[in-house]
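So, here's a batch of structures to check.
The two complexes that follow have subunit A in common; it is paired with subunit B in the first and with subunit C in the second.
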Partner chain A sequence: MGNVWGFLTRTRRGNGRMDWTDWVTYSYLFLGIFVMFAPVIWLAMSSFKTEAELSRFPPRFLPYAQETMAVDGYDEPLALFDIQSGEHAGKTLAQIRRVGLVAQMVDPANPSEKLRVDVADREPLEKLSFAWENYTELFERFNFLRFFWNSTFITVMATLIMVLVNAMAAFALSKYKFRGQTGVLMLVVGTLMVPQTVILVPLFLVTKELGMLNSLWGVIVPGAATPTGVFLLRQYMITIPDEIIDAARMDKASEWKIFWRIIIPLSAPAIAVLSILAIMWRWNDFLWPLIVLNQSEKFTLQLALNSFHGEMQTQWNNLLAMTVLTLLPIATVFMFLQKYIATGIASTGGK
Partner chain B sequence: MASIGLKKVKKSYGAAHVIKGIDLDISHGEFCVFVGPSGCGKSTLLRMISGLEDITDGEVVIDSEVVNDIPAADRGLAMVFQSYALYPHMTVRQNLSFGLENIGTPKAEIETKVAEVSAMLQIDQLLDRKPKDLSGGQRQRVAIGRAVVREPRVFLFDEPLSNLDAELRVDMRGEIAALHKRLGNTMIYVTHDQVEAMTMADKIAVLRLGALEQFGAPLELFNNPINLFVAGFIGSPKMNFIEGTIDDNNVNSLTLATGEAIAIPSDGFNQVSGQKVTLGIRPKDLQPKPDGSLQMEVRTVEQLGTESYLYGRLADGTGITIHSAGQTTVEPGEMISVGAAEKTMHLFDTESGLTLRAQ
Partner chain C sequence: MLSVLSSIMRIVEIPMLFLQHKLGINRLAWVFLAPNLILFGVFTFLPIFISAVYALTGGDKILLEDRPFVGMQNFRTLGDCGNFLDPDTCRSDFFWRAVWNTVWFVILQVGFMVGLSLLTALILNQKIRARGFFRAVFFFPVLLSPVVVALIWKWVLQKHGVLNAVLEGVGLEGHSWMLDSTWAFGWSVFLSVWAHMGFYTLILLSGLQAIPRDVYEAALMDRASPWRTFRRITMPLLAPTMLVVLVLALIKGVQTFDEVFAFTGGGPGSATTLIVQYIYQTGFAGAPRLFGLASAASMMLAFVLIVLTALQMRANRRSFNG
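Up next, the complex of A and B:
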């Protein structure tokens, strides 16, 4: 044990032991991990709990369920209890029904004899159990796949359109000289200062006039051009040497071809960053879809999550399971692409 | 056939006149070098010929066709850039074939052409590599290959060797010259290095501050520089300039600021009495002589074995460089007499800078 501890706490510097600053650093890091991941892990664990277990106080970390057993003469499996004291102490009995403070129980070994037990004398016999039905119900009772498809469609289409539109704007702003170039850029960047909530109503009216309410395109199109995206890509494209574009012009490439064959491939790191950001924005977007979409078959996952939260009753077990499923795709995307975020942001000099 | 003519070509950015009216005729098959100090407008002029930069005024004529309004791609030119400007995300093969694809060349033909050119430039082993995996010299070859493969009428080179190390530069210089001989195309080559200009050019155009100073064959520029700038720019090391005044009663005698008098050529120059002139003598023509008419204090001696350089100054501080063959016994700090043969001297009017040589 001492060896293991010595191995874990050795360092290269100093006397080979961890300094107090190392301890502080590690504590700080672990605190950070705890603060960030504890809610997520709690969420994941809770999504496997039954409705009853969720409302239990005090809450427990792992999902437990009471053990049951099929007993001869009874149709349903019966819940098992350990008897702590009284006449039947030390036995494991199954409950037939409970009346007030007294439960009618039966010994599984001798199913014909009914026993009366004081509820204070017994402890429920529990085991670790994952309530997978929280998840399966999503597919059986709710149209989870429809919501998932809506979210995916919006995210993918919006990201593609946004990257394309922003890249074209960024190309023009970074590589063409024209009158008012700075003015246009200032306008684009200036829109960053207008809060989304301010333009919510006008945006809604425009979308309504275009007949895109209650359509997935109504969510996709208004978000197609983002100042952040234009600015991010422009900053990156500026670093592409002009001589390469001149060379392509000498090579008889049209401006359109220069964009597709030269600019887009060379901006790949910045485009990757923007795509990841766009995927996260779109996937997690709530307010705008809430305004545009009001038929449940058009709902995104975020809206569906919201609809679980009823006025009278909230189905926490299904809600939690769906939250986990909603988190998974975006977490996976982030895991695979996070290295591009680091390199891309470092090289764009962006945020 | 591809001759190029520039007629009063001008370029301005707002109030800044970068090219101030240049007239130039380059005949078919000539290797023409634009040379000049940085900021003289030589690259801008090249880009105007290429079509990448528009022309404020005047005409650019290729094969008796005014190309001012023809886009770069349609002028039938190919350009090699200073930074090579290879497409970093494409392999060498794709770099070479990109231009051909754009003009709709059939696949099979592209393949033969790429194979031919890459064999000629010895880059056929590198076809599947990306530019980042190539050395500087290899990148340079690919850049040249990309120009060659399209079989342009005219090649334009924009300081193509400035990113290479000295040794490689000499090699590539030879290769470009050989390429010119083999293809026979008109080539325009921009450089700030007068050695490159001297070794490669059929014709040199010396530019300064957006104006053409002199245009001619390398040795013509070397032997008969038209003004002080060309005289100082062409030739290495730089020509020595010594200012003085022509004697009032003898146009063949020059009195220097130091009071020394020096005999100058009696014919071939149009100097007049009392004129302020600058005497130009190339370092190899100025030699230590016991009876030399100039007294010079030697400050630095460079012994290169087969040749030596003496750097010093006259009594009034005018810097003097002497290039002598073989090794020298002169030590720094010595005072020596130096002189030059009259026929090696150049005379310029100090005020206008123009040569006084009789045309």
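Up next, the complex of A and C:
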């Protein structure tokens, strides 16, 4: 027991060699990599498989597809098979049709002669092939660009409005002395305690009365003022020295100019953290858009994914491709800004 | 983009300058606060007050003037139970199923999540190679959208999915995971832990790194056993962070909806229906839309959350002072 705790609480290693505790540590970490990454990689791989390959059990890791060939005299490309045994063993034949246990096949080199081959004698000729059509179909057959645009519009507008509105409030709360300041601060703290989940019904009424149901603005506006954002920015702005503002006032800069030209640029690190958080929240938002947006042309990516998943149980190939495209933007942002995101989330307590 | 923004800002400056002359510098603060306060007022405080009106009225109309006053009837409907532990004896059996599902969900999810986060944080706090990379590995699911998380695992767990293939490969039997109530619930807990544990790991890790090194060195000098060091140094010094993590996890756990709803839709039957899904289905997805009942349930949820938030504030204060 003592050994176990020693291993878990130890902060430095005496010498360079690996002892059993290191093995346990790295096993845990590699198990972690597997459990965290494997499902996502599996999803990405699956999104490149054809429907036939997706329904194969047991599944294979890499996407394979059967090779086909255009044969003279046939309109459609025919599937190719390697013949393992029987009278045509060793040849590669194309299948015209299958009747019970016998396949009607043709030699591509000699298309006029039809051959009969036992189904058990042949083996499909496969090659590694990425089914990009899973992705292209999203643009052709599904309204993917519309959903993508809706999500992007909501995310960009909501982030801009949120940063501006919260920065203004944070500026007022950090750089002015006025009556009622504590009252406003208390009010902001108060809103921290009211999660959206408990005021869904009245929020729905207010949004409806403002004519924002089934409109992207109905998703953007209600969440634009966040207490988290005000706090984050206020804590940062307090550290900006007042002398800078006084100097600007001497130079007859207006208060708005001070805010826009001095405070905003100097708060850039905090604003960056808040923007990243806002982008993440809005891109991934689900419950509130689900309530506000009922028409499918207004759906965000998340809603589209959810409703397609309900409608088309069988079309996993397109659904998987759409899932990959939905997680891709966030994954890209994460790769570049991992450190900021981590500190941002740790400092605000999530939301 | 930036030039559009800056020209907008220049236009805004004109009325702001006028207000500055009119109000004076310090009262201008209210102008800066106005957009935020209006948004808070309309989309947070007003709804809180209307919430009570909904809870006390009946019918399926959304407009307040069309709703008949029914007093405490919504609460009575929800609370009409022969035995609170057995949803079958309740008039709103669906509500109580959701309540008990949520209770079990929160106990299991928070328990596993905080435990695993602590273990992971302790391991990541050691001197290991590529710590930043491993931290990112555990953290990245936090960024995935709940719907994506749900679909990822649904794909792994489906009848002809990779998990069943692996199980059958090693000679075990595959399962229709999503059709079995117990398994569907278990996997819901699992996927929720998978998606969120990185966040708590990060907080605990920063808590561990805030413990001064020399305390451990002093313990080493005194030849304290590792177990004793853990019990007497790490645990007490980490306790405030643990408390924050625990309460935060509880607050979020009680409000779980997205990933479980996208994962199971609340099924099979009502096996994975949680309280927020009950509110959503009663108020928005079903017909008739029972806004009153949904609001009454919301207020009960709000009560639980207020208690938890009060705990959180105390925990926060203690962690800052300690």
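By definition in this document, the second predicted complex is superposed on the first by the 279 of 351 C-alpha atoms of A that agree within 3 Å, B and C clash if a C-alpha of one lies under 4 Å from a C-alpha of the other, contacts with A are read in each partner's own complex, and residues count from 1 in each chain.
Convention: a contact is a pair of C-beta atoms (placed from the backbone, for glycine too) under 8 Å apart; a residue touches a chain by one contact, two chains touch by 3 or more.
Given the structure is predicted, the values throughout are model-derived calculations rather than measurements.
Shared-chain residue A:Gly218: touches no atom of subunit B or subunit C. In the superposition on chain A, A:Pro289 contacts neither subunit B nor subunit C. Of the two partner chains placed by the overlay, neither subunit B nor subunit C lies in contact with A:Pro63. Judged by the touch definition given at the top, the superposed model places A:Ala247 against subunit B, while subunit C stays out of reach. In the superposed pair of complexes, A:Leu266 makes contact with subunit B only, with no contact to subunit C. Of the two partner chains placed around the shared chain by superposition, subunit B and subunit C are both touched by A:Lys257. Set against each other, subunit B and subunit C touch different numbers of residues in subunit A, with C touching more.
In the three-chain superposition model, subunit A touches both subunit B and subunit C at residues 249, 254, 257.
Contact residues on subunit C toward subunit A in their complex (touch as defined above): 9, 12-13, 16-17, 20, 25-30, 32-33, 35-37, 39-40, 42-51, 53-54, 62-64, 119-120, 122-123, 125-128, 134-148, 151-156, 160-162, 164-165, 168-169, 194, 199, 202-203, 206, 213, 216, 225-227, 229-230, 234, 244, 248, 251-252, 255, 257-258, 262, 265, 276, 279-280, 283-284, 291, 294-295, 298-299, 301-302, 305-306, 309.
Subunit A makes touch with subunit C in their complex at residues 1-3, 5-13, 25-26, 28-29, 32-33, 35-37, 39-40, 42-43, 46, 55, 57-59, 165-166, 168-169, 171-173, 176-178, 181, 184, 187-188, 191-195, 197-206, 208, 210, 221-225, 230, 249, 254-257, 259-260, 280, 283-284, 286-287, 290-291, 302, 305-306, 309-310, 316, 319-320, 323, 326-327, 330-331, 334, 338, 341-342, 345-346, 349-350. Residues of subunit B that touch subunit A in their complex: 47, 50, 52, 71-74, 77-79, 81-83, 85-89, 98-99, 102-103, 146, 150.
Note for the complex: subunit A touches subunit B at residues 241, 243-244, 246-254, 257, 261-262, 265-266, 268.
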